[in-house]
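Shown below is the structure under consideration.
Chain lettering (A, B, C and D) follows the sequence in which the chains are written, and residue indices restart at 1 in each chain.
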Amino acid sequence: MSGALSLSARRTPPGVFVALVLTLAIGWLIVTVDGGRLFSLPTTVSLLHVAAGLGLVAVGQTLVIVGGSLDLSVAYVVSLSTLVAAETMAGDDGALLPAIGLTLAVSATIGFVNGLLVTHARINPFIATVGVGLLLKGYLDNGYDGPAGKTAPALVQGLGYQRIGPVPMSFLLLLAVAAAAWFVLARTRFGHHLIAVGGDPEVARLSGVRGSRVLVTAHVLCALCAGLAGVYLASRLGAGAPRVGTEGLYDLESIAAVVLGGTALAGGRGGVVGTVGGVLLLASIDAIFNQLEVDVFFKQVIRGVIIIAAVAVYARRAMRKAS
Amino acid sequence: MRIARPLRLLKFRSGGLAPIIVILAVLLVLLTARQPDFLSPPSLMSFLGRSAPIILLAAGQYFVIVSGELDLSVGSLVTAQVVIAARLIDGDPSAGWPVVVLLLAFGIAVGLVNGLVTSRLRVPSFITTLGMFLILVGAVYLWSDGAPKGGLSEEFRRLGRSGFEDVPALGRIPYALVILLAAASLALVLTRSDFGRTLVAVGGNPRTAELSGVRVWRAKTMAFVLSGVAATLAAILIGGYSGVSFQAGVGLEFGAITAAVLGGVALGGGRGSVVGAMLGALTLETLFTLMNFYGVSGALKPTVQGAIILFAVAAASFRFPSR
Amino acid sequence: MTVLAVSTLLVLAGCSTDEPTTRASGSPSAGTGSGTGEQSKFFVRADYDKQLALLDTAPTGPAGKPWEQALNPAMVETKKFTKPGPYKICFSNAGLNNPWRQVGFKTMQAEVDTHRGRISEFVHVDAEGKDQKQIADINDLLGKGCHALIVSPNTTATLTPAVKAACQKGLPVIVFDRGVDTNCPVTFINPIGGYGFGHVAAEFVTQEMKRGGKVLALRILPGVDVLETRWSAAKIAFDKAGVDVVGVEFTDGDPARTKKIVNDYIQRYGTIDGVWMDAGAVAGAAVEAFEDAGKPVPPINGEDQLDFLKLWKDKKLTAIAPTYPTYQWRTPIIAALKILDGEQVPNPWKLPQPTITQDNLDEYVDPAMPPLHYAMCGCTDLPDYPRRWK
Amino acid sequence: MSGLPPSPLLALRGIGKSFLGVRVLDGVDLQVRPGDVHAVVGENGAGKSTLMKVVSGVYQPDEGTVEFAGAPRTFRSPREAQQAGIGIVYQELTLLPERTVAENVWLGHEPLRRGLVDRRAMLSHTAGLLASIGEGSLPPDTRVGRLGVAQQQVVEIVKALALDARLLIMDEPTAALADHEVDQLYALLRRLQEHGIGVLYVSHRLKEVFDLSGRITVLKDGRAVATLDTADTSADQLVRHMVGRELSNYYPDPAKPQELGPVRLTVRDGGNRKLRGIDLRLRAGEVLGVGGLQGSGRSALARALFGAAPFSTGQVTVDGAPVRLRSPRAAIRAGIAYVSEDRKGEGIVAEQSVLDNALLAGRAVRPGRVGRGARTARVRELLAAVELRAAGEDQEIRFLSGGNQQKVVLARWLALAPRILLFDEPTRGIDVGAKSAIHDLVRRLARDGAAVLMVSSELPELLGMSDRIIVMRDGRIAGELPAGATEEDVVALAVGTVGEAAG
């Protein structure tokens, strides 16, 4: 097994992609029997759009989870980002870049706060990020009565609706971000240290890794990804939406996607490639059920079952590998 | 015994009750400052009565958390139980007790599933119970297609709504409070029992527990069952207190977990006390009331709540470096 | 500490009652525990005046069928949409995530069944309350060869582009409940609206309660336009009457939380003399809170949900129930068929918005129906009533 | 030591350190010269590990100065110490099982090329280092989780070397090593000396101390009670300094024939993933020693007998009755107890009290409120009987020294009055004093009619304690030796120069 392979790629189990292919195959069959078309252009496009939104968040989530942390504030960060972006742009293409800059700055700051709370205040990430989420919720509830601001037309046409064949720009953005994250984990000191901290903070510390610095950075990156997702959604909705993040359940869904991708919730093991697979899996399930006009609530039940089942399968494998 | 004292000190500093008691005291002072008669028996009684459900949930959550797991499904379980009760009873007074039994059975069943999937299939409880959350919510909506059916009988509701009238000195003692005290003392006995202690060991170091003959899977499953039972009791009280609604259990899981952590129960297991968890819940309830009395705007409440929780947990989770 | 700081800050911010002229969103506008607080940023005086005027306008159209009536209708030509039946009608639904929408959708399905001969296929897509999903849904439906598209937008601003795109496809688009920021749809159907609701309720509470009494305003959520309008109208009414609104609280539609809040307020102020609600969901809980505290239930408003109506009747409350009628879910189907026949339809199609009062209460109380059923569904004459709604 | 000594590489002056008012180090002076191997010995709780952690920047001293390479330094973190050129090999392994050897070795100072981690360099450097200590066979890109304890120890050392440290701290480096591996370590240390690297060497194995070190500092109760030149010091002197008593009959007498009771345990043709064709009989009253190299199946045998990694084939009987040891619980019910080699990971619940730890097994296997008081009383007696030194039964066990933790673990098992005891490295990382206490205890248990199986990688212990010795090789029993066998016999069987050829 070559060094390059052993250092990174090997960490991402193909399992999720097998599941993905199977799901699509079976889904395609059922939908076709049902008289619909799963891979019709509009369906495929909207599938990839769903994946793009969730994916951006999930990639960030992967980083913190690999580091042994967690971010449950992403949903609110997403909502806030759509607003910051749309309101700063106010429909003016000129303000495009400053707006995106500001959005990322804001979300990075939130990530930084999360990081500090987790590392220096030593608050358990679960509580810390839920708490920060509440802070943001209050601000949003109090400040907004619904959509606000207006996204720059250029962004709407570009990131929001532009596509190459069936592949939307946004999905390409996701792939780019995912690739970057993969690269960071595999090829930078930060990445190696992050995985170490996730695996065993004490060991990392004794090896001279600045654990808290690494974790804070991870949280910042995670929030940045959520910010990007916000920018994308703003481009999609043409305005800022104070509820879009929570409506999309981006906090829990992103975590689900990450574990579906084979990343250990405890940290120290996993990767971005798997996460992208997990995201595509969730999006496909969505698309299939949508085509079948399955009752939303039934869909939710199925989702729950699938998530548990998938992770159970990983656990089985892990156990076999261990023994 | 030469170094006994400093170690006591450390014991009280880490995961002890002191911080939560202090925080609770501060909140109570603020509260009475604004509302002098808050501590008067009648109002105190009704306050304790209506706080009973979340305190019960926190107690249930303690067992799960101390065993090293997490139960995100309690909120949805409460909702499910209330809706189920309403549909089964449908205003029929005689149905009360049988239904209570049935609910308990259901709560135990859900706990069993959570526990077995987590301990036998090795699915991280975060995922298991997240999945269960989706399944329960989806299923209950599906079952009652979108709006709760039937209704709770006055007899059923009495448990959560009324109490022993004109008790000397105290006036009215809500049944909820009595149930709470009973459950609380039971929980306390349980934590002191062999099961309670081994459960802590399981959370602290599963390997050691296993090699000492503890059936880890069994202990953890028991913990989830207890959480399920607690959720059921809470559901009966909530349903009684405020009637049937899909909102009945929304967000309670986060409330319970926050409460436990606030009370010094360490997420990850092996440390904390059930009393702490329950005090944590009481503190949260006091906080809500405090905000009502100080007229914090509804929309801003989450912000204030988040800020205080972060502050409190940071204070409570303060620990000496152990190594 | 924090609490003190925040609350004082809010009290300061809270005293002004003049409406900001700009729709400058972003900076948090403070609601508050004392007084009615700032006017909602989304308050639009013109709409407000229009709705209040409509309240006492006589509807035109078949009597006893409010879902076919319209308030001072302005008819539009629809010849260009004329097509031979049977039709495939598509419906992009914002969501089914609350009882009101549940009842409404059942009513709509029933309405469709009454036209089985003419409607060959009825496609329904549920956006689960997600803007981005509904955008995708609409886009999806455009590929399915629908004869008419009905849209119930999840939010106004964000769905506008998608609806515009649909209009450009040349098929008749019918929007109801929430509107969109474009008039490309053939018609926009909805009842008088939130301002009317909030106003009626506020007026009632003001008149019925003792002079200078304390009013508690209970709201479901902040930041939902239809609910914001209800509150802002009520706010004006209360301010005009100089009513002392001691609190504006959000209940999240959670009865338990509602009871706790009301309980705290009763304790804090000794008594509450009037309760205003922006939605009926938790009216029952509020009433109970008074009972449990051993206080008389003050004048209160709810909505046309049966649990409240029953409570009202049994407990002989001083109450009123303005409605946001679910029968409006029938109208889009009717409209669609009219349009495809090339008949004229009103645009905007303003439906009457009846109010349930002591006098007509008995007409609407039906013990047989489930507690969260909406009495103003106009569905009693529809196929398999009441089974479908149970 | 003639001529001018070179200026010290490391000089500690009056180091003091307290935890929560407990004085752990008190005015410790110590000097290490370049190329010097300086041993630090002392009973557990004497402060050795704390001292090492002060030097390596994990802790900061309350008093005193650390001088490194002639300049006073204060290391606020291990990182700073490492950057200054101090490498440390910890007692408990500090490796990430999920990461590869190379990733572990370079953790914290990954080689960069154009700002990116240079994986090729990582792998080649690691391979080089491994080769330089004769472990070239170890592939740098395997997951550490797949390696045995001994190999992990090697990685641990390589990790320290990778920092090209000028001072190397080794805290019980041989704790996990079989003797032939220790020889490699010797060679390695000599090579380091030649490069002028100073070594601080903490060990309980006096043999090593005398073989390796130039000077010895003895710690006792946090004070440096003596610093000696190894050349003119005898083992007895040293031990006297350490424990303040002569080292008389280091090992208790073996069992006399009449003390041997009936056969307690038999295994016929036992096997599983790591073991093949295991046949053995264990009699009451005897101590059966199990020798062999790391990974030869010694620990696997103990774990199989305890049901932790059960036999998949073969029959086991206890007191003549066939039993199926499918799980630890089953084994415990059959009267078997097991003391793991990995105390921290498998022996204790660090954050629970001494009492809770001691009661754990009893509570788990014989729960119920009946006789709880009695059980607790019994455990209290046992804790006293093993001469536990602790602040009290409510003290969290993590604050106890290794020896005392082990005593609590023993008490836990004795409370169940087991008839068969399995010890895996019972004295690993435990100081001389506690060591002999535990040896006596083991022997006493045998006298009281228990059957004891003791795995040990320390030949003197193995030979000194056992009435019989079986030596494992490649998952089989390579041969059996009577009491009084020599180290050579054992090694011969272990490495396979004699005995039936391992298939």
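Methods note: contacts are C-beta pairs under 8 Å (C-beta built on N, C-alpha and C of every residue); 3 or more make two chains touch, one makes a residue touch a chain.
Please read all numbers here as calculations on a predicted model, not as lab measurements.
Under the contact definition, chain A and chain C share the contacting chains B. In this structure, the chain pairs A-D and B-C differ in their number of contacting C-beta pairs, and the larger number is found at B-C.
When you average the Cα atoms of each chain and compare centres, the chain farthest from chain A turns out to be D.
Averaged C-alpha coordinates give centres for chain A and chain D that are 45 Å from one another.
For the pair chain B and chain C, the distance between C-alpha centroids works out to 35 Å. Centre-to-centre separation of chain C and chain D, using mean CA positions: 73 Å.
Computed from the mean C-alpha positions, the centre of chain A lies at a distance of 31 Å from the centre of chain B. In chain C, the residues that touch at least two other chains are 28, 30-31, 96, 222-223, 250.
Residues of chain D found to touch two or more other chains are absent. Multi-chain contact residues of chain B (touching two or more other chains): 146, 297, 299-301, 303-304, 307. Contact between chains, as defined at the top, is found for A-B, A-C, A-D, B-C, B-D.
Contact residues on chain D toward chain A in their complex (touch as defined above): 58, 77-79, 82-83, 88, 90, 94-100, 102-103, 106-110, 112, 115-117, 119-120, 122-123, 140-142, 159, 273. Chain B meets chain A in the complex at residues 70, 117, 121-124, 126-128, 130-135, 137-139, 141-142, 146, 254, 257-258, 261, 266-268, 297, 299-307, 309-310, 313-314, 317-319, 323.
Interface residues of chain A, counted against chain C in their complex, comprise 40-43, 45-46, 49-50, 53, 83, 87, 139-149, 156, 233, 236-239, 241-244, 247-248, 290, 293, 296.
The residues of chain B lying in touch with chain D in their complex are 1-7, 9-11, 193-195, 197-198, 200-201, 204-205, 207-215, 270-271, 320, 322.
In the complex of the two chains, the chain C residues touching chain B come out as 2-4, 6-7, 10-11, 28, 30-34, 37, 96, 99, 101-103, 219, 222-223, 247-250, 252-261, 263-265, 267-268, 281-282, 284-285, 288, 292, 307, 370-373, 390.
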